[in-house]
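What follows are several structures.
Same chain, two partners: subunit A is paired with subunit B first, then with subunit C.
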Partner chain A sequence: MTTVPARGGLPGARRAGGPRPRPHHTPAMRQESRFGWMMFALSGLAILVFTALPIVFTLLLSFFTWDVITPPQFVGFQNFQKLASDTAVIHSFGVTGLLAVLIVILQIVIGLTMALLVQQRKSTWARSIFRTAFFLPLLVSAASISIVFSYLFDTNFGVVNYYLQLIGIAPVDWMNSPAGATATIVIVAVWQKLGFVFILFVAALGSLPQDVLEAVSLDGSGPIRTFFSIKLPLISPTIFFAAVIGMIDAMQIFDQPYVMTKGGPGDSTTTTVMLIYRTAFQNIDFGYGSAISVVLFLLLLLLTWMQFTVSRKWVFYS
Partner chain B sequence: MILTITTNEVHMSSLLSTTTSRRNLLLGGASLLGAAGLAACAPASGGSGGSGSKTLNVLFFGTQQKADETAKVAEPFIKANPGVTVKFTGINGTDWNDFFTKVLTQIAGGNPPDIVSVATEGVQLFAQKKLAHPLDEYVKRDKDQLASYFKDVHPSLVEAMMYKGNLYELPTDFNAGNMYFNTKVLKSSGLELPKPDWTMDEFKTLATAMKKGSPDAVPFDWVVRLWGSWTSFMYANGGNLLTEGKYSGGDWLWNDMYKGVTGAEGRGGGWQWGAPTANSDAVVESLDFVHELIAGGLSAKPDVGGGSTLQGLFSNDKIGMSIGGGFWAGGLHNAGMKPDAFDVQFFPKWKVQRHLFGTGGYGIFESSKNKDLAWEFLKSLVEPKSIEVLTAGNSTTPARRSMVTEERYAPTGPKNWKVFYDTLDKLPNSAPIPAPPYYNAMATALNQRTTEAMSSGNVKQALDGLQKDLETAAASTGS
Partner chain C sequence: MSTSAPSRSSGKTLGKVTLSPGGLRRVYRGAGLVLLVVIAAAFVLPILWTVSTSLRLPNESFSNPPSWLPTDPVWSNYSAVFEQVPMLTFFINSVVVTGLIVILQLITSTMSGYAFALIRFRGKNALFAIVLATMMVPAQTTIIPVFILIRYMGLSDNLGALVIPAIGGAFGTFLMRQYFLQMPAELAEAGRVDGAGHFQIFSKLYVPIALPPMATLAVLNFSGYWNEFFRPLIFLQSTNNFTLPVGLVSLQGNFGTGSISVVLAGVVIALIPSVAIFLLAQRYFVEGITAGSFR
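So, the complex of A and B:
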């Protein structure tokens, strides 16, 4: 083996107790290094100020009571003890969980179905139009969409009930009944976020190995068999990714119920983030609001860990 | 501050050097954070903080565009006080609850204003939290200047701005929950505007006739909220969500400014909202009545919120009747309704013909460094010319009786505009909406339990829940 001596000493040699060799830097390297450190400092500062500090502050605040106006008072674990027996909080976790499960399942099923249908289109322009059309809702704010949908789903004067009546279906109590309100929120949330999942699946299906697909086709496998036995296992990492991201996003649902139902009727659509908002900003109890936030964070962490654990049994990486 | 910048520069240069050690990196990062922290704590330029500048910061409930329009109200004051500027900042929100949330967030952010527009909904909250400064001494000092103002303003509006004997605001406008009628729906049903002393039975008869005569319209619609909702029925039925009482005090005001004035007798130091009574017989009966209206097809299922959708539907002849205040005149006019396309009458009599109202004004922040100047501005705001700007386009009802005139309502309607101030003058039992210091929690609970009652049909159970919610909220604030 041939070794090339490096400047300033033998290759790889670090003499015990000796000075550390200083690497030589050219002006270009120095400039690059400066730029690198500057970028690191800026992004590091942004993460510290806008992410890390609020997280630490929220965690600390959960051990205090604070009404903004008077100084915070340390209460230890009192907020968490109160939370454990607070039926409103427990109910909100139930509501959020139900909405999240429905939203994630529907997003994945509909998104995948649509991606499969679009994949059937051979012309590139048709695919582009579909991709753009399905992705557009994601670019509009959830609040604006919710306002428009609340008009569409209005029980008395909404367009949806108008057309239902035209085909002989009785008007549905969309936002004035617990089931109707839940369904409306799920419809709006799924409709808006569908584009993201759809694009993921289009990309995943487009990158499937053609030789494998051709081989199974030659073996006489039909489209259904090919989908369930070949395509689905091959895109399982994408499904897993969509499920994890979707669940984290859906567990923080706020805009749609806040704008469309205000959490009602009763508290049937009051989600955990809505409750955090009400507690902290409307009832001016930032300590308790922070405690609920911390529990939601831990719950999300647990759910994600569980998804990763279970994924070992069904996600196929190749 | 200069020293801080220099120090930061030193660390920045360390950061940029190629031989940066981890220690230097941490020092640099800490300095940057320190600078960011200092920048966050520093008062905004042009503020009225410790700099001694003569800028009055006013927080206004509305869009920034509306705030800019309203800022015209300060022009005479600025002209009369050279070197003084008044900055109006609009805070938009769906309702007062939303507005307060944002104001409190701004305070939490270390940027309290000098003056804030606060309606009945928030007077006691601001006073109890010691955010607002009592105006008593100022009013006593300038009572001669204010004599014509108080003579022109109904005492019930002034009393609604008091808390524990102190006055916190001078009312500029108000809105009482009257009944609006869509003239087209009335006519197509062969009906006329009811008489002022109409009853709840007549209301139901009229709604039934509307249902038959105008099948395309819903006879009555309303919004889930505290003001002008099913709560109007509750007031007319002699009920309330909280036990009514009055704080002692305020004699200095009543004896000085309202001596011998009709309607001033029995006034105290502000409304004292006591123990919750949300599941009392009168309250349950009221919500039950409204629920039956819906079940019978006489009322639409209500939305939760500010009421803009309701105005839209009313202006499109989809609704025959709804509860509105003077602000509806401007709202319906802006929605394209002609002055004779709608009219207004008192809310019907049930056990009593009692109306609820809310009043608005401006208060001085306790933390303001310019209280004296703020007071001068507040005085200028209750001048007729200022109230003219604040109530432009009949976006609300002037608190000054002399300004509620035929001329004012000629461009917008309604024909029966006298009802607005007569609600206070002729029906002296009219009272403000219940707005204790825990108003935010109360409003949220009311919305939640009302929608629960409407969807489940079990009014009593929902109001039992509301009673518990209010008891919890009251206990948490020590009320």
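So, the complex of A and C:
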């Protein structure tokens, strides 16, 4: 089966020590132990201070109100009660979920189709040209490319509407209508991250058992049937992996809506991270911003947990 | 590649019949190629448009149909972007921030990855579990406490605010550990027999053979931090401290849709180092993607 999801599981931690560590009695062992700590110290300190503790602090802050000027005030579950009936927050989760689902589905469908088609190419240079084409967008920053796409999708002067008009389609109000703005953000995000999914699928398709595929082909099975009855089930763990990783990534979307739509029109593209940004850094409400962060964090944790449990099950079956 | 071999043989045996599996397969393949070329073009054209429009006169930048190829290039936009905004400062800031993070993370991750793979120390398994767990934490959800921390450290509106929290990397530690786990333990034995200390065994014997995963880590971190937008947007306030992505977005805001050729020249300048590194280290990029999928 594909190696990627298989290695994604946690059990590596158990292999870590090799032989079970013995009690640290001899001076040599104590010295080795001290050396190990010294080697880990720098990474460990940075990870502790800037990743591990901030998780705890986010959780703590979510039970306070704090505007920096006056000292923080403990409010218990008030932030979460407010959040549960705050239409702006609920709406932002809806917006984020819709964007993420659209982005992930398109990424997987296009990425898998492209991987299958590139795999059919025999010459190495053709493969590498196509691979580079899908890879190139990964090198551009999301902020820069959002600037570029906001020009390309400009309603009056944009290149996209110009060509649509040539084939008889009325100019689309891309960034000024809720549906258009959603579509534009989805297009940019898919355009930028497709290379990642594409590479995953190329690796998965390359590792399929060749003897099975040859046997099926000799039996006279056409390419479409081979795909749906053999290849698709075999690469389903990779599809699932790409879907969950893609969801985790897309649920944090910020750069594209911030640059292209500012969350508008109205709040039709105000994602959860944009709302956290506004609440915490524009309205200076650190407590409420933290409460929204906690909810987003738990959602993402759930997705990560799904990835681990389900992929482990699949690995077992193969 | 190898899947094509059986299809050709079946095409030979049934080739005389019209729309035989072989013939059908050729139709599929032709349609597939067309689709592939069209979609691949959709991925390249926006970048091509960016480059060619950055080389047009500003007053022609919105004229349609667009010219896809940079004929009669006008270089004035590239000098204009340096005159109208502190582009050179943005660029230097980005180089300093990205360079420091890449180098520092190489050092810390190689050290801690080595320790987790080959050194026995107290609390190792528990610590590694914590490192793995923090690898899954999305940075966006912890930005508020990190911002507060940065303020208390007196680092707000300072490039150090971007560098210092990124010194240690859970992913880098994990990546390096995976590599060192495959290394022979005999190497350390041999070093010990020769009288080398722990650190010498690490620096003289293991680091030189760990360069490939270090390159992967460097390339991944470069591309991630060079293009980073969220943290610089929050941590930096004055224009002179902006890195390229934040600087370019502020440039776009200032100009509106006035002179997009100048903005696009800035986008191209920011893209050049990424493309250069990609061309030099394409292999490590691809390895990084599959390795990056553990995150």
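Note that in this section the second predicted complex is superposed on the first by the 264 of 318 C-alpha atoms of A that agree within 3 Å, B and C clash if a C-alpha of one lies under 4 Å from a C-alpha of the other, contacts with A are read in each partner's own complex, and residues count from 1 in each chain.
The definition used in the following text is that contacts are C-beta pairs under 8 Å (C-beta built on N, C-alpha and C of every residue); 3 or more make two chains touch, one makes a residue touch a chain.
All values reported here derive from a predicted model rather than from experimental measurement.
Judged by the touch definition given at the top, the superposed model places A:His25 against subunit B, while subunit C stays out of reach. Using the contact criterion defined above for the overlaid structures, shared-chain residue A:Glu214 touches subunit C, although it does not reach subunit B.
More residues of subunit A lie in touch with C than with the remaining chain of the pair subunit B and subunit C. Once chain A of one complex is fitted onto chain A of the other, the partner contacts of A:Ser177 are limited to subunit B, with no touch recorded for subunit C.
When both complexes are overlaid on chain A, the residue A:Leu45 reaches subunit B and subunit C alike.
With both structures placed on the common chain, the touch criterion links A:Lys262 to subunit B but leaves subunit C unconnected. In the superposition on chain A, A:Thr155 makes contact with subunit B only, while subunit C stays out of contact range. In the superposition on chain A, the residues of subunit A contacted by subunit B and by subunit C overlap at 29, 33-34, 37, 44-45, 49, 150-151, 154, 157, 281. On subunit A, the positions that touch subunit C within their shared complex are 4, 7-8, 10, 12-17, 21, 24, 29, 31-37, 39-40, 42-47, 49-55, 57-58, 61, 110, 113-114, 116-122, 129-130, 133-145, 147-152, 154, 157, 159, 162, 191, 194-196, 199-200, 203, 210, 213-214, 217-218, 220, 222-224, 241, 245, 248, 252, 254-255, 258-259, 273, 276-277, 280-281, 286, 289-290, 293-294, 296-297, 300-301, 304. Contact residues on subunit A toward subunit B in their complex (touch as defined above): 25, 29-30, 33-34, 37-38, 41, 44-45, 48-49, 67-69, 150-151, 154-157, 173, 176-178, 261-268, 270, 278, 281-285. Residue ranges of subunit C in contact with subunit A, taken from their complex: 1-7, 9-10, 21, 24-25, 28-29, 32-33, 35-36, 39-44, 46-47, 49-50, 62, 64-66, 107-109, 111-112, 114-117, 119-122, 124-125, 127-132, 134, 136-138, 140-149, 164-170, 172-173, 177-178, 181, 198-199, 202, 223, 226-230, 233-234, 244-246, 248-249, 252, 257, 260, 263-264, 267, 270-271, 274-275, 278, 285-286, 289-290, 292-295.
The residues of subunit B lying in touch with subunit A in their complex are 15-18, 20, 25, 28-29, 32-33, 36, 97, 101, 104-105, 107-108, 129-131, 218, 221, 300-301, 303-305, 309, 313, 318, 438, 440-441, 444, 447-449, 451-452, 454-456, 462, 473, 476.
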